[in-house]
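Pasting a structure here, questions to come.
In this document, chain identifiers A, B, C, D and E correspond to the written order of the chains, with residue numbering beginning at 1 in each.
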Amino acid sequence: MVEPVLDIRNLTVVFDTPAGTLHAVNDLSYTLMPGETLGIVGESGSGKSVHVLTMLGLLPCPPARIVSGEVLFRGRDLLALSERELCDIRGAEIGMVFQDPMSSLNPVLTIGRQLREVIQRHAGLDHAQASARAVELLGLVGIPDPAARLAQYPHQLSGGMRQRVMIAIGLACDPTLLIADEATTALDVTVQAQVIDLIRDLKNRLGTTIIWITHDMGVVAELADTIQVMYAGRIMERGPIAPVFHQPRSAYSWSLLRSLPSMARHRRLYQIPGSPPNMIHPPPGDPFAPRNPFATPRCHRDVPPLRQVADSVPGHQVAAWYDLPAAVAAHPEIADA
Amino acid sequence: MTRFCSTLLHSRAGLAGFVLLAVFVAGAALAPWLHLPDPTAIGLRTRLSPPDWIGFHPLGTDPLGRDVLSRLAFGGRTTLAVALTAVVLGAVLGTAIGIIAGFLGGGIDRVLMRVVDIQLAFPLMMLALLVVAVLGPSIGNVIVVLAVTSWNRYARIIRAQVLSLREREFVLSARAIGASSPWIMVHHILPNVATPALVVATLELARIIVMIAALSFLGLGVQPPDPDWGQMLAEGRLYISSAWWVVTFPGLAIVLTVLGVNLFGDWLRDYLDPKTRSNR
Amino acid sequence: MGRFLARRTGESLFTIWGVVTTVFFITRVLGDPATLFVPVGATDAQIAALNHSFGLDLPLWRQYLHYLAHVVRGDFGRSFVFGRPAIDVVMERLPATALLAATAMALGCVLGCTSGAIAAMRKGSLGELVIMTVALLGQATPVFWLGLMLILWFAVDLHWLPAGGYGRPANLVLPAVTLAVFVAAAIARLTRSSILDILREDHVRTARAKGLYPATVFFWHIARNALVPVTTMVGLLGGELLGGSVVTETVFGWPGMGRLTVQAIESLDFPVIQAAVFVAATLVVLINLAVDLLYQALDPRIRAQ
Amino acid sequence: MPGYFARPARLLKTLLLGTALIHTPALARTVTIALPGDINTLDPDQTNSIGTDLSVLSNLYPALVLRAPDGALVPALATEWHAVDARTWDFTLTPGARFIDGEPIDAGTVQWNVARVLNRSKVTPVASWYAQITDVIALSPTHLRIVTSTPYPALPAQLSMLFLLPPKWSRTHNPAHEASSGGPYIVDQIVPGDHVSMHANPDYFGPKPAFDRAVYRIIPESNTAIYALEAGEVDYIARLPTDQIARINRQGTAIAGAVPSIRSVFIKFNTEKPPFNNRMFRQALNYAIDHRAITDALFDGQALPSACQVLTPDYVGYTPDLAGYPYDPDRARDLIRRSGVDLSRPFEFDIPRGSYLQGEEVGLAVQQMFRAVGVRTTIHLIDFGQYIARYRKAHDLAPLSVLGQAWVTLDADGLLKLFRTGNPYSYWSNPDFDAALDAAAGTIDPARRQSAYATATKIMCAEAPVAFLYIEPATYAYSRRLALRPRGDTWIRAFDMRPAK
Amino acid sequence: MPEPHPAPLIEVRDLVRRYGQGRLGGHRLTAVNGVSFSVMPAETLGLVGESGSGKSTTGRMLLGLEPLDEGEVFFNGTRISGLSPRAMKPWRRQMQVIFQDPYGALNPRQRVGDFVAEPLRVHKLAPSRSERADRVAALFRQVGLDPAFMHRYPHEFSGGQRQRICIARALALKPAFIVADEPITALDVSIQAQIVNLFQDLSETMGLAYLFISHDLAMIRYLCHRVAVMLRGRIVELAPVETLFDDPRHPYTQSLLRAIPNPDPDHRPPAHPRFDVDAHIPERDMEMVEVSPGHFVLRH
């Protein structure tokens, strides 16, 4: 059996705010296999970004606080490592790409410096070698005239180019795992399409394991092998991409898909009632229950565990007390509304 | 109000500032009812009496035999009243100019900003000295001088705020419903610059209290026999080596008041800052 | 760049013109210097003769044009008191003020930046509390009072340092420290808050995500960016120090421009007042210009505009 | 090398090496003197500040006569002098005196210098001091004759203010900021605003000064000066508050004290405006003043009350034993009531800031005394420049103001003239007073002058155009290394000082 | 440009907007360059393009919120461009705007009830306080909000609720036409459908016409009757929605359509063809040609 790249077990993260304790990530567990591309979908506050930032020690603690759990990265528990040891992993074995390439690059340093420093830090190359590697990386991510870009500042590049630089930084030390947090959200559709192509291409060529965090179902569909839908700091549904899209078993994934205009031509969009939960006072049971027309009384009471869907492909898991296909069949008026 | 109190009670620094400020403001405000000796009553035979905690002059007397405690309390009245008036005047003037310059832009803006530049290049203390020298020292003129040296700080900061507010969508939205420029300035810009103006005002209050003291120290401030902290320092500085209490107490009063204003002001800025306000 | 310099130079000249004009008209309503310069008992004719020699008997507009025409050539006229070109009198005092201001500024910057950075990076610690309390006290203390107190402690009680005077490094210590306390306090508070702001920025997270050493992150991604707002503050404080050294110079008997100006205002020495204000304003304008240029060096985004 | 201003480069070097020429107390032959104000100009014709500019210049340039610490006029360049008639004076000069550039100091030098002061095309502020001189004749290089327009008994005293510049040197140098020498000392270094240092002139024609080197340090803050004295950085300071005298003496490192100065301080009434044109009201205010409280409490017994006149005992023409106004508030109230003056509104009361020793405190004390008899005042502390412009130029004094006046020749003539009808400094007019002054001015006979001034003084006392206060104390403190005779006329001259035995 | 329908509600002709100083060789950016289109009553016209293509500027120029360097705007055949603010005021009642950022669109210092009532006060439509309160309550109900929220401040609301408040305000003047400038972009995915449905309901019940500005082609396709595609300040293609999606003619439109992430994992395109925007900047003298009825393409 191949060992997973990442094995997260029962991770719980809270924020101590003046208004109370905010439950950002709740008892989160999942594994990621080598070469896999995991698409994590969720809205703001679903814990999708927070959990990766916490495990890499990138969230300030306080206010963030890890309550429990372990994060095994190639067998080592990241949460047990010292900051110094984590530093050796960040940027080298785990690369990251963040959402807004304008604010995520230091505006006062050149592209070259920002690339070189990560290369020199981890690969132990000298300045000239690091420059050469930087040029190579910029070429790899499809930036024309890479040598000339080294002396430029972030604001001199377009948004798409900046995001390519971010990706180059993320890939600089041939990481085992690349984590992209809303990496295309701030980009125009055509540019987004190019970045997706680029990532897909790199994945094929380098075999990098990828976690792709987004709120856009479309992007996940284009890129990911596995999709993981998160809501209120929990996984609602997880599985290979096709069954989840074609036969979602969580009411949340189902609602999301039905509210997309591209899936609902000439039909009224499915409208998810209510609004995302207040994570300081989360609902006691299934967090989506208050907005779920199919919710059973138990949904409001107990948190459902993430379980394999009996009649679907292996790995298709859902956290639900209800059986969605049955529920939809029983209430066709909801589905058509 | 409840939120105000509970947040304040949770901030040690803010609370300390508030308490310091409250003590001095209360002392100043209640001075006439505290049964203190007349702060202007001269007793040449008892000049420079050292502090006598249980006696008639708990903080001693000044070079003219006047009670230091009483002068401190009544001096606080003058200092704080002058400072507050100057701050309010400067804030109103500066905010109005900042809003007009920032919102209307164009030629008015360019002219006003050049005036700000000129005033900034004019060394503050020299300007104050010259203006007081021209107008003659009096409370009114000190207030005018302080307001004059203060308005541009509001104007600059408020103008910058207005420039970004002007592009905010609720301003466009007000235009879209046909609201006039004055309407927008009053209903949309003003309420939104009130907070930054208040923040600048607390900083200015601290600066102005020190400035009043400096002007008085150079002999240009409040006119005797009315007490004023800076003037007490100026009158006492000849005696610093023989009568430490004459300069120590007014000096401490200034330091603690300004400290209180700063602490409270810092807290107020955090409290009013929308970034820290709603935890999104 | 050239365009920027040209525009800024134009603005600066306009600013200086504004200052020079303002000070001219203010001095003209100050009083009548001739009455002050003659000994008691002088006749009206003697006073009038003196006024004539000062050029104060001309109509105001002619005085102003005459003044402008000479200012352009760097000539502020002869000092009524010193009997020499006013600008010479002022320039003679400039090194003393510049020395004091520069020392105070350097001391204040070093102290302020270091302590501000420590306070920000150790937020919530006892160290932060101590540093910030001292900084707040430093900002709250009137400069002249601090000066008097320092004299009392270090010169009178301890006999460690001279109470005043000028010429030896020891003379510089107390006045420079007095001024530096204010500068350091202001810079410490600003450094702390800008570093805290920058810590919240995404690019710091990126830098940390790259696994850089904490020192690299601090110096290249935090301190480097925090320099921009601190530079602004240094520029503003520079101007304030030049003008604000008035009180310090008086307390410590420092032979600088500030004391000269106070004295010139008291003795109605118009040419010296005008020259001193001009020199101070020019310095402020130059400091601002330097800060703007420094900005461009520090922040490439501004360079691009 | 003649005097010069330190160039910035030199200044920097001095600073860096820490080798400033300020003395250290170990060198016994140097005296360091704290000056209470800046040295503005080195041109003796451009300044009337005795306590600063002229004190320094008196060390550098020769004078015909000098005023000794005891107040007597003593020979300097002039070895003897006498009045030939009421308007003519002859002086015999020291032969062979020279400036350091070799120029002779003789009658011609004096002639040139007087002409320079009185030059109409290039106005000097002090011209009024010498306005009565009509002619200066060099009878020989060592024999000088001066003719005045009117009898001028104070001429020798006035000439003690005249310091002689070398004529030839002055043509090629700017005496305003460069110094030559023909006096007891030669300048070493001048740091504007900080200090002037000088060493003894070996070729000085007069007696050799006791100290080889002298340094004048400018220390305007009296506290700083006191600290400097206590720290041994300076040897002599002046103008310290009187309460420091006892403290310094108690400490024992220095000797402090006060002598009566030549300046009397009073409240000047604007007698041209009601109600101060009312004599009874003015007298009432004189009764309201508790002189003893001021001199004993405020000045710690170091000041003398004025004897109902603006002169001090040092003046020629002083009237001793003049009974003044006793402190009698009841009488004051009674007089005020009888004068019928409307007291419903407060009177403006100007105090020139920082001009007189503890002047602000005196003003406040007087305000309280006036308030005790029902007269309310509003105080304005104003710059002396503005005060004098209001006083002299606009002729618009506030109803009440604190004023101290002195006359450098120590002659009643000059000081009393300031109250004569028509004098631009006068706000008062009294024909009998004017007549008495005219009688005194017409003669140089001391007895007749004395009696005329006694008459004038008594009239002034009775008419009370001012509220008489006190004679300002001249305070001083000096290190025990020094021996000197304190003086009341503000001269601070290095060559008067000697090392203590 | 010939019009497909006889009586457009809104018509804009040759709008031009330039930024930057023109003097001394400073570069001027032409944000909008000769844009013309019309909107029929009750029609929804989609305006699509990448960021910086000038679509928002066009919307603002149309409303008179942005000065026109060239061009004209007609409402019901009356020219309303170039009017003074006072003369423009009556026309403002006919056309309203909804912005992208529901956090920036509300004055944080104003109670939301006052915010919704403001148009009524400015136009003096409901003079008495109680009358206004009634109208505001009705508007709140119309957009699906509880009128009891009237006295709260914006920070107490979620993004979706804020956008409803903005819509309520826009409706207060009973306009015939609304410019919706990226109205759902900033909202959470689970909320977007609520707002889109509200738009559709309002269109049906009030006969509103929209200019719907978006970069979300799927949403445009779902919501709009016709679509205009903007590229660097020019409209490069304008067509009925199905025509455009079925038969895009301009290469930019084609690349846009292909770039839409398809939430169907079975239809993964091999790679998105690259479209270099800079190589296709519309030249000044290019003209629109009608390739089929109502389908206009910038000649390329």
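Worth a mention:
One rule holds for everything that comes next: a contact is a pair of C-beta atoms (placed from the backbone, for glycine too) under 8 Å apart; a residue touches a chain by one contact, two chains touch by 3 or more.
All of these numbers come straight from a predicted model, not from anything done at the bench.
Graph distance from chain C to chain D, where chains that touch are one step apart, equals 1.
The chains that touch both chain A and chain B are C, E.
The chain with its C-alpha centre at the largest distance from the centre of chain E is D. Set against one another, A-E and B-D show the most C-beta pairs in contact at A-E. Per-chain Cα centroids separate chain B from chain C by 22 Å. Chain B and chain E have CA centres that are 48 Å apart. Our note on geometry: chain A versus chain D, Cα centroid distance of 88 Å, whole angstroms. Our note on geometry: chain D versus chain E, Cα centroid distance of 86 Å, whole angstroms. In chain D, the residues that touch at least two other chains are 223, 227, 383, 386. In chain E, no position touches at least two other chains.
Looking at chain C, residues 30, 148, 156, 250, 265 sit in touch with two or more other chains. Contact residues of chain E toward chain B in the complex are 60, 63, 65, 85, 88-89, 92-93, 95-97, 99-101, 104-110, 115, 118-119, 122-123, 155, 166, 169, 172-173. The residues of chain D lying in touch with chain B in their complex are 222-223, 226-227, 241, 243-244, 247, 293-294, 297-298, 353-354, 358, 360-361, 363-365, 367-368, 378-383, 386.
On the chain B side of its complex with chain D, the touching residues are 40-42, 44-45, 47-48, 63-65, 133, 136-138, 219, 223-225, 235, 237-243.
Across the interface of their complex, chain E is touched by residues 43-44, 159, 188-194, 196-197, 200-201, 215-222, 241-242, 245, 255-257, 259-265, 268-273, 275-276, 291 of chain A. Only residues 114-115, 117-118, 120-127, 129-131, 133-134, 206, 210, 213-214, 217-218, 230, 233, 237, 240-241, 244, 247, 251, 254-259, 262-263 of chain B touch chain C when the two sit together in their complex.
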